[in-house]
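Order of writing sets the chain letters: A, B and C. Residues in each chain are counted from 1.
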């Protein structure tokens, strides 16, 4: 009996621990993912509120009304065709075809779930229909429309899918979050639905693709961190190919660069050198640096739902590790995340959390939520960031990214040509990430063109245009 | 009511419901904590609660000294290690040696765990593999030691003819005691009363002897298994139950003619409590008294003094070394409730040594359950009661 | 203290009665349910069923918590908490009825009354039955017959053949057999008879597997395992049992596609939203839309959740009253567990102790399985939430289990008061008074 009583108490502790575990997990998951669950496009609850509430307006940073609602509570988009098409992945459409847009993710504000009791009573007194809160975004609709136009007009990106992200690297404001192809939220959806390019898909935050050579920013940081003679070490690219585990690593177009330093290798985007660097520093160190930059992390940003980026952890052999150094081999990231990587280098290694909401105001004008910038992580030290910044400037001035250069601006960047597959076809995606090194224009840019073949040719020209618009040139 | 107004009312009511829920949980918790406190306090007041008897060590070995007492719960294991309900640290006893369980009609039933060996009185477990039963006074031979069972479980066991014994103490001594003797205190618990010498135990003299099944009566019968709190319905037919007991168990006792009635000693009446006129508080607490009272006055006026003297002449034993009082120091403050001394301290309290039989037990004396007669366990309880519980805090 | 006159004395006594903890608690509970039912019944137009419930449910709580324990020393705190949970179930079901045309709230109130009767019967059973030797075999045979009955005349609901239909009412025998299971396992374990113990558990598990009732089988298995560990203390065999269960789970995962799908749904329900992930996704959205404080009683859209009235009722509670309220509900279950275990600890006979522990383990495991499932901690399995979920059999079985616990508690109290009475009388005779009086 004595031992039995002891065991009774053990079981009591066990059962109560189980219940507490369930409760604690519930609190944790609701506080962490609650807004995501609620903002899910499957959620029919806020649509049920339509009867009593008129949803609030969505404005851009300059006060342009991107979306409003009529007296029945139906969404309308008062801007022109170009703007409303370019903004559709951010703002959302009437049927909720695009998931995790502002319209659904901020539903608790827009549909008046945050309205206080006094305001409800006030609405009841005046007899008017209750209105949801107005949400002002950090996005610049003019800029985003221009980028969409550039995508459509420039030769190498015409008709191709892609994404472009512009961020303020000091504060984390997202100035543009474009995904192409776009579509008109007021138009017919029949053709859009069957489009093989899947226009409903918001590529800027949902498309997790191999970052290709743009990942070499992280490899370079890791090499500088972990290799003592990183700046003087000579990498062997005399043949243009490296044999690892009886498999070959080669450069784009079998170029060969001879014995080169890290700086030169970065400038010419030499896969062989970065493969050797990745093997020298080892998978563990590279993974550590990548995770410092946000890979394998669960992105739980306040305003944005972003797919998680991956740095592979399983089935690692030397060949895979070597390719990882060049941003291939199941390394994958979204355009927004690569923009954050460039922004971290620009901001002395401090990665800011991307922010989409400038402010939320009640219909009467009372501010419910203001803009606060938040540091996401310290990705690397300022010294390393400064070194890599120098490398990235070389890329734009005399390397693969010359097309992005703008007269009179100090621009740093990195191109990328990533091999991936779409529906079983092997294709090459074009990447460009970069930023303006100027305190007056603290903007980082990431451009991604699906099947763009070469980053320097398809993505960098678009970045060139963006830099121009940002600085008013 | 209109949907908008209902919405506002329901939203406001959220806080009200949450407040009530929090209040409910808080009150539940406080109630739980309070009951837990009360229960602990009450269990400290009842050191015997949950025990059916004691094993007295007749022949010790190892760490188990002769004369030690082990309290026996209703069920449990007996073995070498401390996690057993009965820890018998004696060579020859297995880690878990036997399982015992109490049966109201048979006594304490012992079953071997595994192939462990032991014997009760004359029988070994090998002869009766289904289990051996111990009654009051039975001896258990286990390992190298010998234990004797002293039962004080419920009085329904006292009705068992196997346990009927005769008292042999002189009733005249009672009147000289400072307190009225145990048996004379009225009914110590429902259904019990004083016994005259020569009267069989297990029988209540104030209880009618039935010669035929009685008509059902309403009231609080002597066999009420728990005390009736306010509002409990009176038990119906308790006297018929008594008839059944009589039929089952008391035939042996009633086969002989009832002994002639003895003149009962006068009933002791407690002094009526007089409310002190002055408002000043009079503190009376045995703990605050000096030890002279305990040592001298109590010993001299002890109602058992003469009886003890006889025993002491008959039976002397080497003086024991007083055990170090490391557990539960006696100088407890008012805020700390005194606790029951540990069995190993009882010896140093002088509770047992001078009262033991030749064989070290009281098996010739009535069970504690009856709370009658000369039972040193009762007397020990009485001493403890006087010393620790007596003062109580006046209401 | 100054002297009081008779009137003051009477007032003081009255106040003391009013301030008893059970009265203080039950008063708040009654206020809660009165205001809640009143609020819902006035939602659109005045609903007389709601007004009736606003008086009947608090009255049931009062009867069960204050009045019923006058006949035996039951655990009033446990009674108060259990009754609160039952009434909460009635409230939630009534609030979700709304304009749907169902009358589950009223039905559940009837089941609640039925559950109280079942509890009373179980209390009397434990309290007054002294000779179990023959009875337990009768119960065992009857329980086996009952649990196997759906195999012969059962109907299939939600993929499991565990219901039998008699006329217009349907019945789930495996719920009622839970009571018998606890009694039988405790009896055989306290008599150290392992063969009938194993036989009964094995037969029950086999029948449940044939019926494909995995949730109930899991509860039975866990209860059996806990009782085995608690009564024998044999960690090795318990570990073997756990490993066996784990191995069976892995084997089932490897062999059956639907188990695989269920695990995949558990890991990411949104991916399978259109098919099998619909339920858990809706549950999560409901909990999230409730937030900390809830959307308000009678508001929200709980009816989009599949089986919102039985399995997912916790999500409805969280949506309407908020996550904090849900956590407080869990605290109530934790208090039930604590009380159950302390009843088991203070029981003096092994049989009674094991009954109390078995009841506690069964209720605790069932609560964890369903609440962990709803909160996506473990894969969602279709079992009911004790006391709250809709359903007569579930209510009867849970209240019956609580009845067993109350019976054991009342026996403990009897034993203790007997000991106490002896000491109290002795003290009175000595002209003293016990310290706690």
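One rule holds in what follows: a residue touches a chain if its C-beta (ideal position, glycine included) is under 8 Å from a C-beta of that chain, and two chains touch if they have at least 3 such contacts.
From a predicted model like this one, the values you see are computed outputs, not experimental measurements.
> Report which interface contains more C-beta contacts, comparing A-C against B-C.
It is B-C, judged by the count of C-beta pairs in contact.
> Which chain, with its centre taken as the mean C-alpha position, is closest to the global C-alpha centre?
Chain nearest the overall C-alpha centroid, as shown: C.
> Rounded to a whole Å, what is the gap between the Cα centroids of chain A and chain B?
One centre to the other, that is 77 Å.
> For chain A versus chain C, what separation do you get between their C-alpha means, in angstrom?
Centre separation, chain A to chain C: 48 Å.
> Report the inter-chain centroid distance for chain B and chain C in whole angstrom, where each centroid is the mean of the CA atoms.
So the centroids are 37 Å from each other.
> Give me the residues of chain A that touch two or more other chains.
1, 3
> Provide the list of chain C residues touching at least two other chains, using ranges where the numbers run on.
Only 338, 350 qualify.
> Quick one: which residues in chain B touch 2 or more of the other chains?
7, 11, 73-75
> Would you tell me which residues of chain C are touching chain B in their complex?
21-22, 24-25, 28-29, 31-32, 35-36, 39, 42-44, 70-71, 73, 77, 80-81, 84, 192, 293-294, 296-299, 321-322, 324-325, 328, 331-332, 335, 338-339, 342, 346, 348-350, 413-427, 429-437
> Going by the contact rule set out above, which residues of chain A touch chain C in the complex?
1, 3-5, 7-9, 11-12, 15-16, 18-23, 25-27, 29-30, 33-38, 40, 42-45, 48
> Any idea which chain A residues touch chain B in the complex?
Those residues of chain A that touch chain B are 1-3, 6, 52, 117, 120-121, 123-124.
> Which bits of chain B are touching chain A when the two form their complex?
Going by the criterion above, the answer is residues 3-5, 7-8, 11-12, 73-77, 83-85.
> Note which residues of chain B are touching chain C in the complex, please.
Within the complex, chain B touches chain C at residues 1, 6-7, 9-11, 13-18, 20-25, 27-32, 34-36, 38-39, 41-42, 45-46, 48-50, 73-75, 99, 101, 111, 154, 179-180, 185-190, 225-227, 229, 231-233, 270-271, 273, 337, 371, 385-386, 389-395.
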